[in-house]
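Below, each structure is written out as structure tokens.
The same chain A turns up in both complexes below, where it pairs with chain B and then with chain C.
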Partner chain A sequence: MTVAPPAPAPARRHRPPDPRAHLSHRLAERGIDRTLWLLLPGVVFLVALFIYPLAYGLGLSFQPLKSTDPLYNYKQFFTDHLQRDTIGTTLRISLPAALVNVIASVPIAYRMRGRMRGKRFITTMLVIPITLGTVLTADGMLKFFDPAGGWFNKTLFALHIRTPDQPVLLINNYWGVVISLIISGFPFAFLLILSYLSGIDPSLDAAASTLGASPRRRFWQITFPLLAPGLAITFCLTFVLAFSVFPSAYLVGNPTSTTRVISIAAYEARSVETNDSKASTIALIMAVIELLVISVVLFGRGRLYRGSTGGKG
Partner chain B sequence: MSEELAAVEETARRRGSRPIVWLAWFLLAFFFVNLAGIVFSAVVDSFGDNWFGNWLPQVWTTHYWSDAWHAYDLGQVLQVTLIVSVAVVIVSVLVGVPASYALARRNFPFKHAIMLVFLLPVMVPPIAYGIPLATAMYKFNTITHVQIANSMFGVILANLVPAIPFVVLTMTPFIEQIDPKVESAARMCGASTRKIFTRILLPLLVPGVLAASILVLVRTVGMFELTYLTAGTDSETLVVKLFDSISGAGIRAPQQSDAMAVLYMGMMLVLLVIALRFVNPTQLVTRVAEERDA
Partner chain C sequence: MSDRRFDHLRLEQVRRRFGDKVVLDDLNLQIAGGEFVALLGPSGCGKSTALNCLAGLLPLSGGSIWLDQRRVDTQPPEKRGFGMVFQNYALFPHMSVRRNVGFGLAMRGTGRQETRRRVDEALRLVQLTPYADRLPGQLSGGQQQRVAIARAIVIEPPLVLMDEPLSNLDAALRLDMRTEIRRLHQSLGLTTIYVTHDQEEALSLADRLVVLREGVVQQVGTPEELYRSPVNPYVASFMGYRNLLPMTVTGRNGDEATVHGFGIELTGMARGRFDTGPATVAVRPEDFVVGVEPANPQNHIRIAVEVVEYHGREQAIQARLPEGEVLRLRSSNRVSRGDTVSAWVRHDHVLVFGEQLDGPPVEVAAGPSAGVAANDSAPSTAGAPS
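Here is the complex of A and B:
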């Protein structure tokens, strides 16, 4: 048996750029070549239609209509409790909705992680509410949960769970908005978590099982730690959906009090008061708060296990 | 793993987690029952009259459909919806796919900053950037006397803001899984850049592009906030008209909004059926890259 000669060391792999080489060669060594022109249209579009408007809105927010104080709009927002409270209202609606969506999805997705009969059917059914969207869901909810004649309350009356003078009120209040967010957000969270779960190598679970770990222990010590980063991402994405609740808060909520969310405040400043400066201020505050919540969650995710999940994840 | 071991493991799993399994199925069933109730409430109401607290309407009619069609000029609305969403799909694919190719194949300085530019519009709520965007567009109208806001062109531009990043974010992993050696081999054999693109890349990209387009189409038809902020009365899409008619309840019969809602639902379901021919349900929310299991 012969010993293979040691492979020659890869020569001059990381040599410094040759000062005599042509500029385009030196740039290409850093990864800059003509391929990057392909990025240009996309970047131009987004700078013109996303970055520039945000910067324009930021500038506008320091030019209040009714005052010379550049910070007037911000002071006004944080001192007027009608405005300031919209932050709390938005978080009170969106955080529980996002949490429920994620927490309810985990056991169901865990049960369906392997191959099973009817999986494709169930996932197809779950895509329907995502495509229907919040406006249509709101329209259906107004009929279905109607306190006098909606099918939901009629069923409760027929089963003698409730009497007609005490119907369950699930529209035009806080619960209407949360339910609408669960209807559109739960399928989304479920499908995401299902795809994260199918990325975890099932042989890890099988190995733990062979070593005698109980199902509960296998879930909490094997699957859950591998799933946790995915849960953080899922939470963020459902939270983004729930945070911009404008249509449902308006249609199935109580947009003057309990579901006066921050997007309604921004929209009213724009269309009712026609105060673009104030509207931009509120819109920017909204974006900053949402990004803050997301960065807190993603910071927490950075502290979790981030290695391989063993599967195709 | 042997069949026997699999069976043992399977029964252990069943026995160990029975209550939570029942709870999971119960929740799922409850969810679907209510969802069906919500959908069918709208469908039945659009065809019915004199419902008033009965299980079903006393009179069946289609006149709310023709009323809604005329009152909201739905023929024109459908046309606008179609033009806007097809234009958004075409532009976002033409702009997004080349960008995702560059992002998938090259490492370059400030790549993270560029990625952030493509990621932010997906993370920031549409109302938050839609309001400054609409304000800037209206300002542009008054300065140049060119109608951007209030026109279909403005609606298309606004809808491109989330659509382009969506195409980039879904196509980048798709292109990453295409082996770059294929391109190198073609180049070694003397193919020109254009030939590599038309004969090698394009055929490989078609499934991903189709999937991304259909997803952008579904999202644009359903996008409410941005269209609502930038559209004028003759450039509103179906979902905006639907919102107007629900929030303006009392002016018109609620059955008319139901008829519109059912029309919208029908349109979405057709799109969904088409979409599911090209992508599997989980891809609708995650990514376009093919998962080769099953």
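Here is the complex of A and C:
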């Protein structure tokens, strides 16, 4: 900073040097410095690809094609049971799928949390479904679970568990979509939970064991409470993935009835009826329901211990 | 479940391998009930492995562990009933101090009132009563360590295992906690096995010391025995002999041996059977008398002072022998860098071992806590042979 100019000759009012720190120091104290520029790319993308489309869609949803009532689309959605029921259908598919993904991941991740022979191999095997993509998975399922020629039913017939006139139907129905969502959602859940579990200091488990806790009590009293916030987050993420299910609902589901999920309704409004306004409305309702579920889960999470878990984080 | 009192804990040929590496090689040790035993050694010497094997956190590769007639090494940790204090405390972060301390009692199904009474008692012992309802994250390191100790002793275990419990604390706190651990041991009489790399901690706390090196016991004895007569250069390096010089024995006369090297001649106490040949000569820095001409010319040397550190009453001096080797000394007589001064040492303060110290000597723990054994914190490690 430059030196303050000498006081004017008749030093009637002597100004003492400002006791406050320099402006740049005070700004830095409040977190304002040049590293803020690092946020720029993210902010640009957020505005261009999320906030603008959201605002646009929101505006569109209040401009129905067939009415002057801005709320017409919303009223239509909730009065038409074909539309309204898609909420229940979607929740019936996505909630169990998300729950299964989380619950199935925990024991596997728990067993694999430490050093273990073949860990890399097993992790790779479990994660491969991520790379397949929904369509390939669906195609595989259609072949595998085929009621007549699929290996699954063939095996059941061979073992005399089922007869060919009573195959187990796991495609083109509710179960097909749920299975598909578990195949594609499980790797995410597993990887997330594995990293949460690795963040829990293993010496806590050791300490509990020297204090007399059996493996079961160590899990429920030490590991689980520390893991629960991570499980909540994992549940939210897999739920959102499952809630917006579209391809598998078509490919391995029954898209006209039991798996007519909300995204199908939105798609039909856009492509079949060419009603962008209605499609936007459905998309927004979808978002609000997701937010509601996530809020409930995160509210519950807020009541848990969320501090350090002692590990490498 | 477990008997609090026992006569002897026996480790019989306890062995532990990690892959091909033998970390603990046929450890035989008998510990009497009520004893405080320190396992001393640098990192990687197998001391923590031994403790984890005792706790049941690591399976043995061979051997057995007995508590009187009860074989414990085949039991899982939760059945052994030993208390353990971890280096990083391992407090349950989501439980209050009270619940942490009461955890072991809860696992034993102790009644509510009994639990409350014993937890209160344990918290009082470690002076944490006002903090009973806090979470561990709200406590300082020293307080957390006291919670960890309370948690281990509240179950009144037959054996308390401590794995470097003070190494994460700052120097002043370490001294306080050391006294506290000593006090607890004296008032409760719990058999304790204490793992440390800090010789001062081991000397001040333990009734008996076990010095380990690469999984092999080097010496077992009271602090006094080890401090006065280390059996080899390795143990000596742990007991404050920071000068370990490779010299040559030129004469042996009963208990005394004369050695040459680096342009000096020293006479010292022979340790082991040898007449001539290579030897390691061990002298503590504080056993030198610097800057005073001795009446007796024996063990009188001249040294060039290179580094002087002010330590209050004393100076830590790093000097060079006529033929180059670095020597560490302590002196209350002031010397300055560049001086050439005389120094001498009593012959019974010089130990001559008939073996070379293979590998570098033990790194001495830095900081004030290295006080008793190595009161010298000169910048580099001892310039001994490798």
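By definition in this document, the second predicted complex is superposed on the first by the 278 of 313 C-alpha atoms of A that agree within 3 Å, B and C clash if a C-alpha of one lies under 4 Å from a C-alpha of the other, contacts with A are read in each partner's own complex, and residues count from 1 in each chain.
FYI, a contact is a pair of C-beta atoms (placed from the backbone, for glycine too) under 8 Å apart; a residue touches a chain by one contact, two chains touch by 3 or more.
None of the values given here were measured: they were computed from a predicted structure.
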Taking the superposition on A as described, I'd like to know which of chain B and chain C A:Arg301 touches: first, second, both or neither.
neither
Does the superposition put A:Arg26 against chain B (first), chain C (second), both, or neither?
neither
So, does A:Gly212 touch the first partner chain B, the second partner chain C, both, or neither?
second
Once the shared chain is lined up, is A:Ile222 touching chain B (first), chain C (second), both, or neither of them?
second
Regarding the shared-chain residue A:Leu49, is it in contact with chain B (first), chain C (second), both, or neither?
first
Which partner does A:Asp201 reach: the first (chain B), the second (chain C), both, or neither?
second
Who does A:Phe188 touch here: chain B (first), chain C (second), both, or neither?
first
Which partner, chain B or chain C, touches more chain A residues
B
Where chain B and chain C land on the same part of chain A: residues 203, 206, 209-210, 214
In the complex, go through chain B and note every residue touching chain A.
1, 5, 9, 12-13, 16-17, 20-21, 23-25, 27-28, 31-32, 34-35, 37-39, 41-42, 45, 51-55, 94-96, 98-99, 101-103, 105-109, 114, 117-118, 120-136, 139, 157-158, 160-161, 164-165, 168, 218, 222, 224-225, 239, 242-243, 246-247, 254, 257-258, 261, 264-265, 268-269, 271-272, 276, 280-282, 284-286, 291, 293-294
Interface with chain C, chain A side, in the complex: residues 201, 203-204, 206-214, 217, 221-222, 225-226, 305, 307-310
Can you check the complex and tell me which residues of chain A touch chain B?
30-33, 35-36, 38-39, 41-43, 45-47, 49-54, 56-58, 60, 104, 107-108, 111, 115, 120, 122-144, 148-152, 154, 183, 186, 188, 191-192, 194-195, 198, 203, 206, 209-210, 214-216, 236, 240, 243-244, 246-247, 250-251, 263, 266-267, 270, 276, 279-280, 282-284, 286-287, 290-291, 294, 312
Interfacial residue positions of chain C with respect to chain A in the complex
1, 55-57, 76-84, 86, 88, 90-94, 103-104, 107-108, 135, 137, 151-152, 155, 161
